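Structures follow.
Below are two complexes that have chain A in common, paired first with chain B and then with chain C.
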Partner chain A sequence: MWLTLTHGLIFLNLFKISVQLQNIDTNSFTDIENDYKYDSVESSLRYDDDRVNIGSQGYLKPIKNEVMSDLDNNKRVGLFSMEKPTKYPFKEHLELRPLPKNSLLSSFQFHLSSNEFSIDKSDRSNNQYSHYTVFPRSISPLMDNTNTRQVHLRFTHGIWDHENWGRLPHDGRKSGGSGVELWAVIEASDHNTAFDQWVKLSNMLSGLFCASINFIDSAKTTYPMSSFQPGDGEEIPLFNASNKLYLLRGALANEPVCTENMAPFIKLLPTKGRQGISTLLDGHKIFDSQWHSLSIDVTTVCESNSCHYEMEEFINVAINVPTTLARSVRPIPKPVDGSELRCDNSKHYDAWTCFPLPESIEGKYELSKIFGKYIMGSNSLSGYPTQTCVQVSDNWKALVKVDGSYFSTDNNCFDVKGEDWHDIYLETDDTTQVDPVKASPVYVTRSLTGYSQDKGGLRAVFKNPTSEPVELVYFESLPWYMNLYLSTLKIESKSGLKISDVIQSTYYLPAKDRERPTHLEYRMTIPANSTFALSYQFDKSLLKYAEYPPDANHGFEIESAVVTVISPVKYEFRTATLLLTLSTPDFSMPYNVIILTSTAMGFIFGTLFNMLVKRVVTVQEADKAMTATGLRGRFLVIKEKLVKMFKRPKPKSE
Partner chain B sequence: MNSREKQVIFGCLTTRLLVSLLFPSLQQQLDKAVEFSTPVTSFRSLQEGVFLLQNDLPVYNGGVVHHLPLLVALMSVVTKDSLISLLYAGIDAVIAYQLMLMSKQFSAQLKMPNWIPGALYAANPLVLLSCVSRSTVTFTNLAISTALLAALQGNVFLASVSIAVAGYLSFYASFLAIPMLFILKRGRLQSVITIIISLSLYLLASYKINNENWNFLRSTYGVVVTFSRLIPNLGLWWYFFIEMFEFFIPFFKAVFNIFAISFITPFSIRFYKQPFYAFILCLGWVTLTKPYPTLGDGGFFLSFVPFFQPLFVYLRYSIISILLFIHAIVLAPIFYHLWIDLGSGNSNFFYAISLVYALALASVVVDLCWSMLRIEYDNGNPKLDVQLTQL
Partner chain C sequence: MSNIRLRRATAVWFLALYLLIGVPVWYKLTTIHRAPLPAEYIESLYKGNNHDVHMVIPVYIMSKTFKFPDLHDAVQLQVNHMLQNKERYVNWSLQVLPYPEDGSVDLHNEYVVILENDESPGFVIPSDGRKTILFHNLDNVLHNDLPFFVSQSLVEHTFQLEWNRLNKKYTSGVDSNRVKNMAIEYNPNVHLSISLLSGDGNPVSWEIEHVALKYLTPLRQFLSPLVNFTIDTNIIYFNDLNLHHLKNRSLLSQQDLSQTIDLSELSSANYYEEQNCLHLAIVFPSNSTGSLPFINSDKHWNSFLVPQWGTLIINDEPLPENPYLSEDYLAPVMHKFSNELLQLLGFTEDSEGLSSPVITLDSFKRLTILNNLNHSINTLWSLVKMTSNLPQMTIPIDVLTNVKDALDLRLETIEMLNNPAKQNSHEVWNDALIKSNKLVYLCEKAFFHKEMVQQMFLPQEHKVAVYLPLLGPISIVTIAGFLKIWREQDSESDDDTSTEEGASKEKMQ
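Let's turn to the complex of A and B:
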């Protein structure tokens, strides 16, 4: 039996191996059959709170064997050195890394790839069957319908401590600014079509991920020039040679990232959070962290006429270990019991006084205590076993716990095998000693200056602590209600740097009210061992009454600036978001304003109009004329008649 | 030019240069003050335009520049700070001189020395501060006063070209072409043709300068006419459009624009025997109704009030007008500060002041209009014992 189970490339970033699997002739019938079998297994998998070992049900084994034998029959040419061949193009990997200051960085990495499809539109429409194995069904139509070749979505929240924790995981490629960030490469015939597709894409993603991504409109969309460029050697295919590729980018600063955004993330995985490392993903723990970033990158990879999608889904979390452990002991925050207080006995100490000792530097914890769950067996979909690696220095002990017994390996990487529950145990005598972090090549902080609500300034401080110059692209997209004065750009530097020394080139597209944001990109060189600040001024404009969000006095979130370091290393990071306060009108006033302004205008107009059209006369003449013609005159006549009628003629007095 | 006039001009120049020199930060302070600077007249955005022009960046593709290309091109030539100060002070001195020349034209009627209007202009704090803030209103004012003087002197060509410059620099100043035509005793058709030709020439030159792109029309006249920059100012419009329901906004934009032009022709026709005074009333009306007014505009209009000196006896509520002006000018910065900087007041405070300012200007226009009617009735000889009314 010939089966098509895997096609194309699988991204194996971590091993730096690109794996090309042999393309096997398609037999769609058996393929569907196999899918069906897989589905039946999947649906019969049970996850229950009693933690019954799913492996004991033994559903997975027959299928696995059958698939394996099929693959063996094909006599695949394995291009990678792994014991078992891949069944489905899916791979998962968990990387743990204790960070200084008692934090733990957990990086969940999932790599998926779709079935091959043909570039040719007619071929695709003729092919009635769309096959989705491990690749999520919802993603392909999204890419197809909007002609998107690449989409990158980031949900990030929290503070990454650059000074202590060094560079961001994956050199910042997998994390966005605080809130939601989306960029995509869209194939379109022209600019407007690309934008329409972009709106469509953002609306679809919005529904898929339960986020307000649909609020990314033209006033939030930029077309980056030198930031967000695809990586080296990464080729983006054009399906129609007459089209062009457009890179669009939008961000929603401080969009709350929350469980409802992560549930769809987990659902996209073939393991659905029930097998492998995805079982650890618990919203309570992930979002209770100091910093977390959810990322999805879908790319189209083509070889001649046949293409497939590749998807990388990463979830990076930096968790503060002591607080998380404490919370699992005391879910409701209560004062620590007196007997548990760690007091400094060298100082005065009694029932009422306790000088606390610094935190203990000893540390031992299990992953199940951190995430509240275990790794429930290896994923049974791909030939790559679920792998967990711990990156620690020598003073740490990293063990894997299976069935109550602990194992260790030389490289601290553990393959999760079978259906047994796995747990990772970490122990050290000194938590401050961790595997040395790579320092960030440059630090950039940005802040607002000025106190008034009608104008202000932006100030970005660049610091290069290294001894070689750093080349970077500074990208900023500011909302249209910040009216930027680029001529006010100033540099403050102790070493007397000039603007021309640091800024090589500028791309500037000013904002248009309600249409597009200010788009600013600087290509800069930060000289070695230098610190300087760039600042510029802006005016804040007022919005229309209905354009203010609820709680307008809270302020408006300004998305983070993106710093893309080009040399000496490739690195990417964002500054913090900003909160801009705008002046607000009185929201209870619309009718009053309309009435008062209109009255003033009417009064002025009426007075002048009367003056210009009326005749000038003396008061006496006016009275006379009034008597003759006006209402008052008639009234006088009637009054006179009435008086005559009721007045008896008086007898003439003699 | 007699010695008095020389003194006035010298005084005008020195005060402005001295103030700029003694208080170097005053220019920026005033340029940020809402009373003297609006998005369409501020020196900051003019500098931004110069900066963008010099760096080959798009000047009119959105952004903050709402100044005409020729003005931006002119300012990109004059870059030295002291030269700019001198330019603004010089323009103000020229205006003061022109006012004195105008008063010479009316020396028979005016019972005051000719130099008085010039001196009052030079000493007017509103004009002085507006000049120091380097508001581009100064350029428009120069064009208007040149046109007026040339029209009075019968110089049809200069008058037409200047009023075209005024209209080019500030859209609503183009309305003043109508009362100007009434001042001209001959060559009205010629004047109309000259205005049209010169205005098209300016626009064409702007088009050429702006890389053969018409997009400057939208960021300059478009912004003024549609009032798309909702930034607080002394005008009547801004708060109205912030609070107005979206659905009605286009209608009210039309209403405000019609309102602005409504009294130009009526004034010109009603007072066709006194076209100079009709011109001043129209100037007052434009100052009152234009969407981005500054105190510089108001000060310029008030500088023409001395020409009404023979009518002062007729003014009915001069005290009220003066008090309203003082009220508006003193409280505007305070209320704005309370709202924007301190947050202890709200937008209604400043809105109320903009209403008061409108009423102050209106009371002056109405009062002058009434005294014009009165003097007309009295045939030039004030009979103060007669009580008049209108029917």
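Let's turn to the complex of A and C:
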């Protein structure tokens, strides 16, 4: 006997979603406003006459709301076309500048901003969402989880020809020392927390950019005092007033920069290398250059309680044009055909002899030949169209090629419009004449001196070719296994300069073995038209057996020194990295020592044991015993017999 | 002159030193530290199958019309009978109590059965509390049907989840489509990633901020005792998850789809701190791909549930020019996602309905606690097995501390489960859940201790290679010397006699 009754309406308005815990057919959504209600609950109870459990089923059934959508079936509900496209905070710009000696500097610049977020992190309620549009989703958690307010990452490789090419692009603010360089401003309550966050940050970045940034540990981390300071007027927000800001910096000298580091760079862009200037970014071409630098700077910008992150992603690359063009013609290097050789006809010239002419000064090339790709349309995400500017002198012709036609503008800046493929065409009759480069205000070179296994010296040469004194901060972070003696600091100068003439103040934090590096910062003034060298001595430490890297004989890379020019111009550059050779042990030595000592100990023990345990007898006894037994005994018997035999026939002389 | 005894004693001393001091010292100095784990106790727990767990859920009976002074005892008997007839993984039972008249029990927070007189029998489980309202008529009372009614509605309906899932015949994680392991492993923190993907680069905007607050916040609030979500939303351009390979395909098998769709870019993101991540991806094909005929739905999108990953919404047409996705579009998607999210979390399965969200959530908490208990014992058992199979593995003291703490915590949790009446019962489940989560964490911390695995790279051969140059010669000298002097006895004594004879002869001469 079954009785069914309906009691009361149950509107599960506790929350709308829970209503759908039933098996509702996917296709049954017709009206989203008032879709499902449990009209009634059929609750059946069975009588228990025979006390047999027969189970119950289906006591709750969803009632489908049969209201059909009055919209046209072909129209997609809730999907509109707006009059104007949405504009997102994204901007991209390409700057091209031919450099002397047939090189071309290309600077890809991307600017992105995140959505606004509230600074009030105590509101960890269920209303917290992170929304992203063009800003990469992977960067914000990195900043949030480590309380980082600013992070700057540089991947640089190659040689920038300071004397010919002048200053670094963007006054050196966007390039680091050879290898990987990272510095960040971290908000923390104390020093240790800041360092823990820093380690976390470097680990996260390491995963994000496929680089060994996680090898930046306490022995590679410094807290710069006068270098790496934020720019003028730049305010770094503090989310919690009781906290402090810490500036930490670390570098991996000469760390290889490779395609796998660049792929994440492109992935961070909303255009993903498929639109705008990012289409030109091909690892093969970027890394086949004389000098390249990939940089990322993320900063926090706040207005009252609302903040957002701003990110600048720059890729600068200096390419030698003839080499790159030749590479695209002949991907596998092979000798140039005889007919293509440029020979000096004024000298002896035949089928076998050719005196080469100097490189042609005429230049004519297209960007697509250099990067192997075209600019595939403008980026459509931002309000700003993709822009390409060429900085050339008057003897150059810069044209933009769209759909087979060439166009030029007065200022050599071209807006990339629409979805057409764009190309830049450059032509000149004299490649040595370029837009004048700004000379570097000061030159610094650094080298290692000495060839001993246990000590060495560092020598930095400062040269100011200008007629103004230059004020700068010289920053150096040296590994702990270089035991520096600051007392040996010497100046060599032809004009008789003294140390006190050039160094205004010194910040020196000595290294602690395996814990922190030597941190040295000089505030210096380089007098006009002067050259001098600073040198100091250091001892080389012996590393522990396991501290040597697998390629111990390669030597140890010493990171570059950072020169921050304060006046007369703001400029920043790094010296080259150094390669320090430490005495490398014979790695099989410990085992040899073990074997040798063990052998000696075994020998001594054996002798001692035998002396104590073996029977001591006199020589006669021993001979006797030997005669009685053993091979030697028999030999002696035979010998005796033989002696007797030979003695017998011999007549006595007496 | 005979010093054989002295020499033999020396050899014996050397051997004794070698065996009694040398060998133990060497052994002591070269063995690795192995903290003594309570292996037997863990084994008994593992093999005993939660024998010490007996989960008790207190239930109060309140009658509005009549007074039944002995009803709770009768119901208790009936409930026990019902439960005992069913084979269960874990012992659990209801503790049926009369509702105290002083009102000291909170009607809202405790499980209460309210008996109401009505024309015909039936029951209702209201959605907003832990109540079960049972209607009965006078006939039922006369025929003594009430105890069975109450126990039936309690066991089979109010505690339906326990009734089903703690059954030995229940196979977890298999839904009606025979999809195994739909749900992710339970973790109190889960990240939700909502992505809008377009095959093109035209800017899209969507009303996600408003929609998230309206549709996801209530869900987060509801699930907050069990799972904490962190949620982010993103628009991804130039990624259609390989939909362009399905251009013009009108028929598509599930296999085709799962082989073509490339979720790697979404799945490989590891920037969030949570261990688990679930996704909602709404993907539009690019203009060059055009419309996808295999999506046939009035809504112009189909949804696909990807086990342990999330929900994938594939739209049939590319985005229009300057597109804007309004709430009208996103709401059904969010409905669908929330619905499937509960499945992905293991909260519901296809075959189960929801009686009352509060009651289901409570049940799920209890099931999670039991799962955590099982999981932690399994982890500890694996630890014990691993360490016993690998005798060269070190067991640091930290591991032992963690194991001990975990076992203590386990007892505390079980104590709470077994005697929930000690506290406010609705708080017990929350506290026990937190404890059991910590328990799982401790067990995993013990199992994944860094040093334990590291030690494996120092092989036994290495030890032998380093010590053999010293121990080899010493052992050979000591043992061979001892054997030699031991064998020397006979010849020595012969020798001795012969020399003695010789000496006496000499004397005589």
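The definition used in the following text is that the second predicted complex is superposed on the first by the 502 of 654 C-alpha atoms of A that agree within 3 Å, B and C clash if a C-alpha of one lies under 4 Å from a C-alpha of the other, contacts with A are read in each partner's own complex, and residues count from 1 in each chain.
Convention: a contact is a pair of C-beta atoms (placed from the backbone, for glycine too) under 8 Å apart; a residue touches a chain by one contact, two chains touch by 3 or more.
The structure displayed is predicted, hence computed values, not measured ones.
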- request: Based on the superposed arrangement, let me know which partner A:614 touches: chain B (first), chain C (second), both, or neither?
  value: both
Message: By residue count, which of the two partners contacts chain A more extensively, chain B or chain C?
response: C
Query: Of the two partner chains, chain B (first) and chain C (second), which one does A:622 touch, if any: first, second, both, or neither?
result: first
Task: Identify the partner contact of A:512: answer first if only chain B is touched, second if only chain C is, both if each is, neither if none is.
output: first
Task: Determine, under the contact definition given at the top, whether A:204 touches first (chain B), second (chain C), both, or neither.
output: second
Message: According to the stated criteria, A:270 is in contact with first (chain B), second (chain C), both, or neither; which is it?
response: second
Message: Under the stated touch criterion, which partner chain does A:380 make contact with: chain B (first), chain C (second), both, or neither?
response: second
- request: Return first, second, both or neither, reflecting whether A:566 touches chain B, chain C, both chains, or no partner chain.
  value: neither
- request: May I ask you to decide whether A:452 touches chain B, chain C, both, or neither, giving the answer as first, second, both or neither?
  value: first
- prompt: Now for A:585: first (chain B), second (chain C), both, or neither, which partner does it touch?
  reply: first
Statement: Where chain B and chain C land on the same part of chain A: residues 594, 597, 601, 603, 605, 610, 612, 614-615, 621, 625
- line: chain B partner, complex, touching residues on chain A are 451-455, 480, 483-488, 506, 508-513, 515-516, 539, 541-546, 583-586, 589-590, 593-594, 596-597, 600-601, 603-605, 607-608, 610-612, 614-619, 621-622, 625
Query: Which of the residues in chain A come into contact with chain C in the complex?
result: 3-5, 7-8, 10-12, 14-18, 20-24, 26-27, 29, 32, 35, 41, 43-48, 51, 53, 55-56, 59-60, 69, 73, 76-88, 126-134, 137-138, 141-142, 145, 204, 207-208, 270-272, 274-275, 379-381, 591, 594-595, 597-599, 601-603, 605-606, 609-610, 612-615, 621, 625
- request: Could you pull out which chain C residues touch chain A in their complex?
  value: 3-4, 7, 10-11, 14, 82, 118-128, 133-135, 145, 148-149, 152-153, 156-157, 193, 201-205, 208-209, 212-213, 215-222, 224, 229-235, 237-239, 269-273, 297-300, 302-303, 317, 319-332, 334-336, 338-339, 342, 348, 350, 353-355, 357-358, 360, 465-466, 469-470, 472-474, 477-478, 481, 485, 488, 492, 495, 499
- prompt: For chain B, which residues are in contact with chain A within the complex?
  reply: 32, 34, 39, 44-45, 47-48, 50-52, 55, 57-58, 61-64, 228-232, 236, 238-246, 259, 262-263, 266-267, 270, 288, 339-341, 343, 346-348, 351, 355, 358-359, 362, 365-366, 369-370, 373-374, 376-377, 386-391
